[in-house]
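First chain A sits with chain B, and in the next complex the same chain sits with chain C.
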Partner chain A sequence: MSQAPNQADAGARISPGGSAGPALRKMNIARVAESFALLAATIALAAVFGILMPHSFLSWANVSTMLGSQAVLVVLSLALIIPLTAGDFDLSIASMLTLSSMLIAVLNAQLGWSIYAAMAVAIVTGAVVGVINAGFILYFRIPSLIVTLGTGTFISGVVLWISGANTISGIDDGLVSWVVVRHIFGIPLAFYYALLLCVAIWYFLGYTTAGRRLLFVGRNREVSRLSGIRVDRVRFLCLIASGVISSATGILYAGTIGAADPNSGTTFLLPAFAAAFLGATSITPGRFNAWGTLIAVYFLVIGITGLTMLGIQTFVQNLFYGGALVLAVALSQLVRKREPQDFT
Partner chain B sequence: MRKFAVGSVAVFGSLLVALAGSQAKAATPDLAQAQAVINAHSQIPDFVPPGPPFDARKCMAGKSLLSIPTSSSIPFVDGIENSMGSVAKQVGFKFQQWKNQGQPTQWVQGMAFGIDNKFTGIDLMGGIIPNALAPQVAAANKAGVKVFATHYSDTTQPADPAVAVTLRIPFHEVGEIIADWITLKTGGHANVLIVGSSDILPSKPYADMLGATLDKVCGPGCKHRYVTVTVPTWSTKIQTTVQGALIADPTINYIVPLYDSMSQFVIPALTLTGHRKNVKIATFNGTPFIIDMVRRGDVEMDIGESLGWIARSILDGEMRNMCGLPSIGETLYVPLYIFDKDNAKDAGIPADFDRGYGDKHVAGYAKLWGMQ
Partner chain C sequence: MTHLSKRFGSSLVLNDVTLEVMPGEVHGLLGQNGSGKSTLIKILAGFHDPEPGAELIMYGESVPLPMPAGAARKRGIAFVHQHLGLVPSLSVLENLLIGAIASEDRWRVDWRREAARARETFARFGLTIDPTARIADLPQVERALVAIVRAFEDIRTASSHGQGVLILDEPTPFLPKLGVDKLFDLVRTIVKEGTAVIFVSHDIDEIREITDRATVLRDGNLAGTLTSRDATADEFVELIIGRRVSLYKTAVRDVTALSVAISARNVTGEILRDVSFDIHRGEILGLTGLIGSGFDEMPYALYGARPASAGTVEILGKSQPLSKMSPPAALEAKLALLPSDRLGAAGVGNLTIAENMLLPVLQDFVRWFRLDWSRMSGRASELGKQYDVRPNRPAQTLSSLSGGNAQKVLMAKWLQTAPLLLMLDEPTQGVDVGARQQLFAALDHAAGKGTSILVASTDYEQLAQICDRVLIFARGQVVDVLAGAAISKDAIAERCLLSLGTSAFSNVPEVVAA
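Moving on to the complex of A and B:
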C-alpha cells in the first residue's frame, strides 16, 4: 500500500530557497485541519442530532449506550487495520468473530466448560485461523483477498455446523458482567477494553521498532526487503494478530448479548471496512491508524443512532455506511495525491 | 407335534402380518378431513372477540411502547410495525419504532433507549429471541420496564419466563393446512420436498407437523423429505438444493418453501430442470409479490396472515398487560387464510400486504377497545 508522504517530506518539497515559511505554516494548518476534520464532523453530527432531539440524543444514558454497545465494532475495526497497514486484506474477521462467539456459547452454555477455558479456545482458534490465512497467502502467493474470502466462507460453514444454525443463549453471567453490566463513569467496560486496544495499537505502530517495520512493509515491500526487514514474517504476524483480535471481538460480542447466533456477526464486515478507511483520513491522514479508526466508528455510530432515533427508514443506514466508505476512500486518495494503492 | 404347532403359529403369524401390511397399503387418504380443514381456511375470516372489552384510550393514557423489530428491512415485519404505529395513534398513546437492520448490537441500543427513556413497555417483535438479549431484558425488568416478545415462535415452543407477555403464532397449524392441501390436490399421491431454515426458531415444529400430517392424512401414498437452507444463503443455496433434489428424484411433485419469500429461488430451479408444469409450490406468509405469483400461476397457494390483524392482536395483548388486565392467552389471534388462483386478485393488483382478508378485524378491535 502506498502511503502519503510524511510532514517532513512535504515540508522539504515546498521549501526551496528558504522562502517556504508562510507556505509551510499554511501547509501545516491545512494538515492539522485535515487531521481533525473527521473529529469535527463527528462533533457537528452529534450537535445536529442533539438539536433535533435534545432530551434523548444528548442524554448521558444514550452516549453511554452508544459507546458501550458499539465497542465490538471498534475492536473489530482495529483488528482489521493491522493487516491493512501491512497491505493485506482480511475478509475473514467477521466470520472469525462469529466463530469465536459461537465457540464460547457451545463450549460454555451447552457443554458446561468454564468461561475461561472457552475463551482460551476461542483465542487459540483465532491464532490458528491467522496461521492458515498467512500460510496460503505467503507460501502459495495467493492474494489475501481471495484467501480470506475463502477462509471466511469456510468458517461460516463451521459456525453453522457447530451451532446447528441455532442461536445459543445462556452464556456465563460472569462474562456478561465484565463486558456490559459493570460500568465506569456510567459507560460499560466493553468501551474501555476497546480504548485500551486503541492505545496499544497506537503505541505499537508509532513508538516501537516492530511497529515502524510494519509501516515500512505496508509502504513498499520490496524496499523493506532490501532494507533487511523480514517482510513475510511481518505479514505473517499481522494476520495472526487480526485473527486473535477478531476472536477477542467475538468474546466481547458474546458478552454484550449473552448469546451467540450464527449469522449476525458477519454484518459487521462492511462497517469495519468503512471505519478503517474512514479512519485513514483522520489524525494521521493517508495511513490506517487507531485513533482515526475509533473516531470513524463513532462517526458512523452517531449517524446511525441518530437516524434510528428519528425513525428514518433503514435504507438510509445503508446509504450512510456505503456513502461514508466510498467518500472516505476518495478523500484518502486525494490525501495520497491519487497514488495507486497496492493491496495483495 | 410340537414342531407342527410351532409351524402353524408361524404360518398364522405370517398371514396376520401380511394381512396387516396389505391393510396399511390399502389405507386411503383422509380426503374428507383434508377438505374440511381447507374449507375452514378458505373463508374470509370473521372476527370473534378474543377477550373481554376494555377502554383502551382511558387505560393507555400516559403509557408508551417502544417496538424493536427483528429487522426493519424485512417488508413483512416493517408492515406490522407501521400498522401498529397507526393503530397506536388511533388509540392515543405514544408508540415508537426502533428501526434497525437486524444487528443484535442495534437491538441492545434499542433496549437501552427504551429503559433510559422510561417507556412503559418494550416489544421484541418478529423474531428476536428474548434469551438472546438476556442481560438487556434483565436490566429492563430491573428498571420496571415491561418486555414483550411477539410473533417469534410456535405455540408449541416454551414461552420465555423473563418477558411479561409472549404472543406466538401457531406455525404448526400452517404445516397442517399445507399438508391437507397437498393431500387433497394429489388425491394422496404426493412426493414433497420441504425447504426450511433451521435458523428460524419455529421452523422445526412447523416442518415436523407438516410431515406428521402428511403421514397421517395422506397416508402411505405420500412421502416427504426436509432440507434446510439458512437465511443468509437463501439467494445462493435454495436454487441449487432444489435442482439437486429434483434431478435425484424426478417424482417430486410438490415443493413447500416454509416461508414464501423462498419461492422466488425455487421457481428458477423448476424452470432449469424442466419441472415448471408438473411440480407445484405451496407456502406460507402472504407476502405480496408471492401472492402476485399465485395470481400468475407460478405458485399454487400461499397461506397469508393479515398484517393489520397481527398488529391489533399484538397491541391487544400488550395493552391488556400494561393496563393491568388479565392475560387472554399466549397465542396471537390471527386467522390463517389461503390464497390460490381464484382469490389472489382480492389482495390487489399488484397485491398489498393487508388486502384480501376482509376488514372485520378493524371494527371488531375498535369495538373491543371501546372506541366505537
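Moving on to the complex of A and C:
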C-alpha cells in the first residue's frame, strides 16, 4: 500500500513560512503571484509617481528621506507582528513609542542625563509596560484588545503629564547623528536599523523553535497547550518584546526629529496595523511576516508621499491608511478563504 | 410514525422502522451508538429527509414528510438535547423567551409580566426556580428542568390541548440520582396533560422506571418493543445487542506477564472518583463506559490537561502527584495525549502537515541555531509515507486532509517520539474503515516496541479489536474489567449497559495487581 501515487512530491521543499506549496506547478505560479503581488504593486506605484513627477519624486533626496524617516514605522510594525503572531493585540505600541521618546527628551534635554542612561530608562520602561499588559491579559484573562487600549490611553496621559503637553527639543546630537545624519550609500542609518531588525524577526519567526511555538500559540492555544507549549509564558514574552521594541522605536523617533512632542507618535498606531495586516497578504500569505511588513510600510509611504507631492490635501493620508487597513484585512481573509479569525 | 428509512450514501442507517407513541405515554428509545436513534430523532426534527414511503401521523392527522424547517415546532414537536441548548450567561427568563425573541418582533418586552408568567409556569410544575437567576448559577438539575419546561411550553403554545411530542435525548447522564428523580417527576406531570414523551437513554434502569413502553433499535432495524414494567434488564440487553457472531480479533496476549509501566492511583476529578489501575509495558488498555461515566476524563487527568483534585501517577516506579501534573511535565515523563477534537485540540488546521507533525521534535532539527527546513520536509514526507498519509504533501494544510489522514498525521506526531504511554481519546471518530485498520496497525506496532497505549472510546467494536484489557466505568469508578479472550463487542456493550444497575456496585473487581 505504500507506493502512493504522490511520491513525486516526497522531497518537495517547504519554505519556512510553510505556505509556498510544492503541490502543482500551476498552483505554484498562483502562489508566487500572490506572494509578490504587494511588492509588484509597490514598484508600480513608485513607477506611476516617478512618471508623473520624475524630478521631484525620484530625486535621491526624496528617496533617501522616505527610506530613512519611515524606518520608525517599519520598526513599530515589526514590534506589532510579534504579539499578533501569538494571537494578541498590542494597541499600546504607539503610546509606548511616544512615552519612550518623551523620556529621552525629558531626561536628556531637560534633566541633563547622559543619552545612554536615558535610553536605558526608556527600554526598561518598555519592558515594564509589557509586563503590565501581560499581567492584566493573562492573570485576569481580559482580551488583549481591551487591556492595551486602556494602557495605551493611560500612557498617553503620562506623556502629557511629564512633558507638560509641550514639545521638548535639545536631544543629544550624538543620537540624532547616529540615526539620521550619518548615511551609508546615501541612506540614513535609521533605515539600516530597521533592516537589521527585519532580518532578525524574519529569522526568529522562520528558523527558530521559539518562533514556531509563537505561531502555534497564535493559531490554536488548546493545541499548543496540549502539545506541551507553555502558552502563557509565550504570550507574556511576546508582549514584553512588543513593549521593548516599541520603546526602541521611540528612541529612533527621538533621534529622527531631535525632539519629542506628546502627540505625533500616537498617529503611528493605525499605519502600523495597516502595514502588519497588509504585510500578511504577501511573501508568506496568511501569516504575519517581517519582509511583507517592510514592503507594506513602503507601499503605504510611497502612496502617501506621492499623493502629498501631487498637492493633495493631508486628509488623504487618513483615507489611505484607513482604507489600506480594511482592504488588507479583507485581502488576507480572501487568502484564508474567509475563515473567521479570532483576534483576542 | 411508520416505515421510516434513511440512507446515507450506500449505507442504510434506518431501515423501515415504525414507532408508535400514545398520547400521555412515556416511550423509551434505546439502542447502541450507530443504531439509528439519532437519525430517527433528526428526521422528526426535520433535519434529515427520510426515504420516500415514510409516514408521520400525529393525532390522526397525516404530516407530510420531509418536514420543512420550523414545521416540527409548529406541530408541537419539541426537543431537549443533552447539552440543553441554554445560554449559561443569560437569565432563566431570557432563556425561556429565546424562541419568542428569535421569531417575533416586539417593540416592548414587559419583563415584569414575563417574569410573573414564568414563576406561574414553574409553580404549576411544583418547581421553585427564580426566573431572574443566571443559568450558570443554577445546579445542573435545574438547568435540565428549565430546558424541559421551555420545550413543553413550546408545545403548549403550538397546540392548545397539550397535543404534541416532547423528545428528551439523553437528559440524565450528568445528573445525580436525586436530580434524575426530580426530572422524572416533571416528566410525569407533563404526560398527565396528554403530551407524549419520547425518552432516549442508555440507562436501562431509568427506562424501566419512567417509561411505559420502550422501542429498541439495532443496526438501523427495529429490534422490538417491550412493555417496560414487565421486561427484565437482561431482556433489554439482549434486544439491544442481539446475538451475533463475533468479529475477528487480534491475537490474545496475557499482559499481566509484562512489567508495569504506569500506575494511576486514586485519581479523582470532575466525575472520576478514586480510580486506580495499572498499565503494562506494551499493553493496549481500553477505557469505556456510558456517557457521563467519566472514563473519557482519565487521559486528560493523567496528562495534566484537566485538573485532577486528587491522585498520583506512578511512572516506572516514580510517583508524582496529579495536582502538579501539566502537559510539559507529562511530556517530560514521556506521556503523550491525542485528544478527540482533531482540529480543535490535537492539531492546527490552517498550519501545514509538516508543521503539525514535527512540533514535538523541532529541537532535533536545529543546526547552527537554525531550523533545517529541508531536513524537516524530508522527515515529514518520510513519516507521511510510513503512516500512508494521502496525499503525502507535507506543505499542505492539515485541514485539507480527510479525518482518517489527519489522524494518521497526528498519530505520527506523537508516535515518532516513542512515548512510554500514548493516550488517545476516541481515536477513530470520523475515520473510514480502511484508515481505521492502518491506525490500529500503527498502534499495534508501537505497542510491540514497548509503548503502552490507553484508548478511551465508546466504540466497543474498536476496543474489542485492539485492546488487551478493557476497563468499564460507571459513575466515575471502574466497575468491571474484561481481559483477553473475554473481550468482545457484545461483552463490552453488555457490561456497559448493566453498569448503572445497582448490582454492578456490589462487587467492584480487583483492577490493581496485588
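Here is the rule we go by: the second predicted complex is superposed on the first by the 321 of 344 C-alpha atoms of A that agree within 3 Å, B and C clash if a C-alpha of one lies under 4 Å from a C-alpha of the other, contacts with A are read in each partner's own complex, and residues count from 1 in each chain.
Throughout what follows, contacts are C-beta pairs under 8 Å (C-beta built on N, C-alpha and C of every residue); 3 or more make two chains touch, one makes a residue touch a chain.
Please read all numbers here as calculations on a predicted model, not as lab measurements.
Chemist: By the touch definition at the top of the document, which applies to A:Met102: first (chain B), second (chain C), both, or neither?
Modeler: In the superposition, A:Met102 contacts neither chain B nor chain C.
Chemist: Using the superposition on chain A described above, determine whether A:Thr167 touches chain B (first), chain C (second), both, or neither.
Modeler: First partner only, chain B.
Chemist: Once the shared chain is lined up, is A:Ala272 touching chain B (first), chain C (second), both, or neither of them?
Modeler: neither
Chemist: Please work out whether A:Ser59 is in contact with chain B alone, chain C alone, both, or neither, and reply first, second, both or neither.
Modeler: Only chain B; A:Ser59 stays clear of chain C.
Chemist: Counting only touches as set out at the top, which of chain B and chain C does A:Ala259 meet: first, second, both, neither?
Modeler: first
Chemist: Check whether A:Ile81 is in contact with chain B, with chain C, with both or with neither, and answer first, second, both or neither.
Modeler: neither
Chemist: Across the two complexes, what residues of chain A are contacted by chain B and by chain C?
Modeler: Shared contact residues on chain A (touching chain B in one complex, chain C in the other): none at all.
Chemist: Residues of chain C touching chain A in their complex?
Modeler: Where chain C meets chain A, its residues are 303, 305, 327-328, 330-331, 337, 339, 341, 344-348, 350-352, 354-355, 359-360, 362-363, 366, 369-371, 373-374, 376-378, 380-381, 385, 388, 390-396, 438.
Chemist: In their complex, what parts of chain A are in touch with chain C?
Modeler: It comes out as residues 1-2, 4, 6-7, 9-16, 18-23, 203, 206-209, 212, 215-216, 219-220, 222-223, 225-230, 286, 336, 339.
Chemist: If you look only at chain A, which of its residues touch chain B in the complex?
Modeler: Per the stated touch rule, the residues are 56, 59, 61-62, 64-66, 69-70, 72-73, 160, 164-167, 169-170, 176, 180-181, 253, 256-259, 261-264, 266-268, 304-305, 307-309, 311-315, 317-318.
Chemist: Would you mind writing out the residues of chain B in touch with chain A in their complex?
Modeler: Within the complex, chain B contacts chain A at residues 71-73, 78, 96-110, 112-113, 115-117, 129, 131-136, 197-199, 201, 228, 230-232.
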